[in-house]
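I'd like to ask some things about the structure below.
Note that the chains take the letters A, B, C and D in the order they are written out, and that residue 1 is the start of every chain.
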């Protein structure tokens, strides 16, 4: 990510539309006329669906184009090409609500990356179904903590409270950082496209509960983790990132859990980074990830 | 793999038995008394089943112990500890029958590794359900080729012929090098423990047909291949080796097939190597693999 | 790599020029007006040097623009932006001369990938400093073989003959597929940008001779291979691709050589693929590789 | 790591000695007679040096053998075979002194693994050449913190103070967790075999300062990190563990530093784990690592 000038104003634009010739030409010409210099651009034609996807980073280097002006310009393009688009300043830091259960390695890792300035997010809350004492060894740096216990009977109320907190905090993104409760279809649907989960297996292998024990029982030689957008279909959401590590017959389920922690935290952190840097676009049940 | 002396005679012993204290002591003492020097040893206690597994490489360095003498010595230990065991000279090259369908990359790779002396096997035949002309670009170096076409109606006869060829050739190992026919339960059972298949997915994900297309449709970020012993349960046999490579949303099914070829051939070659070096022991539906 | 229509004519354009605003806009507008639909595009701003690099795949979907017309159009852009560029049909298969010494695994692998249609090249010759009998087990499929023995005294003559063969065969690319002779500065310079070497170490570690023995002596835990463009500075050329595999203290130098063969052949094959698909652009002593 | 009985007492024994036939037999017989059941055993014959190395995990399952009894038994064997050995209870947690400079990712990671019980160590102190305020966001859980500033002139005094703290704390292991001062030969020598450093490159590539900038300048396609025992020769100590991640031409030095943090912390954590589980034995300028 580069800027040509310290006074330049940087933006990220992602878009999708039906594919047809001339999109790139029209868009780059329009942006150029608006004073933009494109610093990074990636595109993908999904020939199976006829859809076109693009991510553009640019700086306003000439003139005094404001963000409102820019939006007006892009709106015109969007109307012409039937585009969905998102436009953000490169300095924008999404507000993030983190949900967690007992295991805190993903939570701690995200907070660390945020604290040292590696992950451009603004944590606006932590929601846990375990009491705060569970996390007594973690410094939350003043991020609001919400204990929302859950039972079979109170699930609707608990989820309603989650939605309230997400809404009232203005969270742009919800991260399930080893939150071990299954979201209801309604909650999953309401968070669609703005909720990332880390599943502790290499999906589609070992869906459901206790995947490391499943992996141990099956005798696989590599274990993995999967970060995906949450959808109504449990463990079926669009995959953002996956990774694996080698294991052997001598590894116990506890060894897999230990090795898995390392995989989970780095896979989740990468997925969150891709999302907040607007490198991801959902494409049906898949995710386009524009890594440079 | 090391020998202390050019005149030493090397052996490999693998065994399994119910675990109890003293096995290693008794065995190493007995081998020492038989003139052996242990050069490599690995063991595994499966505490869930109470079984003990071991692989020992040794050289006969003193005295004139013959292979027959050695077997008598090990038989005594086997009786005492209720062991199953296999004993082979380190110079032993298993006879291998290779089955193949249209795609020849695994076959070509195995033959290459054999030709340059990397893989200590003796190929005794190639069985294909496609005619020899399919492989006209491959030099078989005189290895007998058998065209066994198969239809739904002729499957029993075709499989009977496979068994005949395996038996008459004295094959110790059958390798399904992208042989795209599903073995009947009977054939699978009769080859149990001496038949390795390469499946072109990271099992247990994407069992069955066209796994790369399944992987494409699911939008995974890594694809893999799995070498396993063949059992009655299709794609459920004990896994010997797996590996993966990264893909992206931009990879078409054809790209996955291309990248997959590289994974398949190296995973299958490693699995065959582990087997012929007696590094593998089946343990229920899993495989112990003693890699050094 | 996608085409919107079976009658479309596809091209690949790569270019570099001093960076300034408006390049993408001007180029995409110009190509659009020439009847092109851009199907893939990647760009890189090297802010340290102020250079801009781009790779564009496009189809001529409207009108009857010929390749000559296209070149005229791009020439105009090139003059305006002081661009270096390369333009080729997507169906273009570069002519490749392969140099080899005793070890044939990279040669065999390249020929296999070419034979099955995976690697879009046209082999125009094989040059070896060992006699043809060394490769008696390899089918050259009629590719001309040239035995060019070399001694300290005959090196200038041998290299002159190499250049003659490269020139007379019209080779676009020279691949050193474990060719174990050090090219003279003159030969290296004359092949600059069109000669790829595979070095059997993870550069910059273990330059020079016997890198696997160096790796063994140093006790590293991973070994690797490096494909790079050949330049005057031995083992210092712009790196195209690298990969590694894990080893252990128990691996002998021969084990490293064996494991290394697998790394070498896949690293070299990837590098050649990147080059022939015009995914690479040399940038000083580095290589930009636009992988999708 | 398994115990056959909750009342069993577990030990780990590592040893090295000149190789000769009968070591394993004598040792396993002796341990058996002392009431031990071997649960894990690994060995390595270094044929180049004629040395034999072994790691044995065992439980005292019969009789009432005390640790003192055990040591007497092993001493007898050690005398007979000229062995160096180490014997520890499996429940032993080494005392660890951690040295750190400005970057805290390795320190934070080690403390996290210790806090959740993943890493069996007892931190006895943290030494930094930066003031405690640098680490104000880190919870040290009461571990003594020592600020030892260093200048060119005060280096001898500072190092003397380090030795005092290591000695007075009873530290068994010193971990240089991105401690950016070069140890003097004297300090390095005095800590030999009990000091692990993490170097932020894939050694032997990019020794010395600013390795990520070196990697960027060279244009490598993978970056790595190396954990090694500290010796007099800077960046030349016996390597314990290495790992890598893929980068591209588009990654800036800052991107490499960010990606590198993930590699560094997992490589260092693995190396410390291997050491404290007594899986490592130094063998000249190499490290034997018995991973299961």
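Criterion: a residue touches a chain if its C-beta (ideal position, glycine included) is under 8 Å from a C-beta of that chain, and two chains touch if they have at least 3 such contacts.
Being a predicted model, the structure only gives us computed values, none of them experimental.
Engineer: Could you tell me which chain lies farthest from chain D when each chain's centre is the average position of its Cα atoms?
Structural biologist: Greatest centre separation from chain D goes to chain C.
Engineer: For the copies chain C and chain D, give the interface type as same if over half of its residue numbers appear on both sides, and as different if under half do.
Structural biologist: Both copies, chain C as well as chain D, present the same residues to each other, with over half of the numbers appearing on both sides.
Engineer: Measuring centre to centre with CA averages, how many angstrom lie between chain B and chain D?
Structural biologist: Comparing mean C-alpha positions, chain D is 36 Å from chain B.
Engineer: In whole angstrom, what separates the CA-based centres of chain A and chain B?
Structural biologist: Each chain reduced to its C-alpha mean, chain A and chain B end up 42 Å apart.
Engineer: Considering chain D alone, which of its residues make contact with at least two other chains?
Structural biologist: Within chain D, the residues that touch at least two other chains are 2, 40, 248, 250.
Engineer: For chain B, which residues are in contact with chain A within the complex?
Structural biologist: Against chain A, chain B makes touches at 44, 202-206, 218-222, 224, 238-244, 248-250, 283, 285-289, 291.
Engineer: Flag every residue of chain C that touches chain A in the complex, lowest number first.
Structural biologist: Listed in rising order, the residues of chain C that touch chain A are 2, 4, 19-22, 24-26, 28-29, 31-33, 36-43, 45, 47, 61-62, 246.
Engineer: State the interface residues of chain D toward chain A in the complex, per the touch definition above.
Structural biologist: On the chain D side, the touching residues are 1-2, 40, 104-105, 108, 112, 115-116, 118, 137, 139, 141, 248, 250-252, 258, 261-262, 266, 292.
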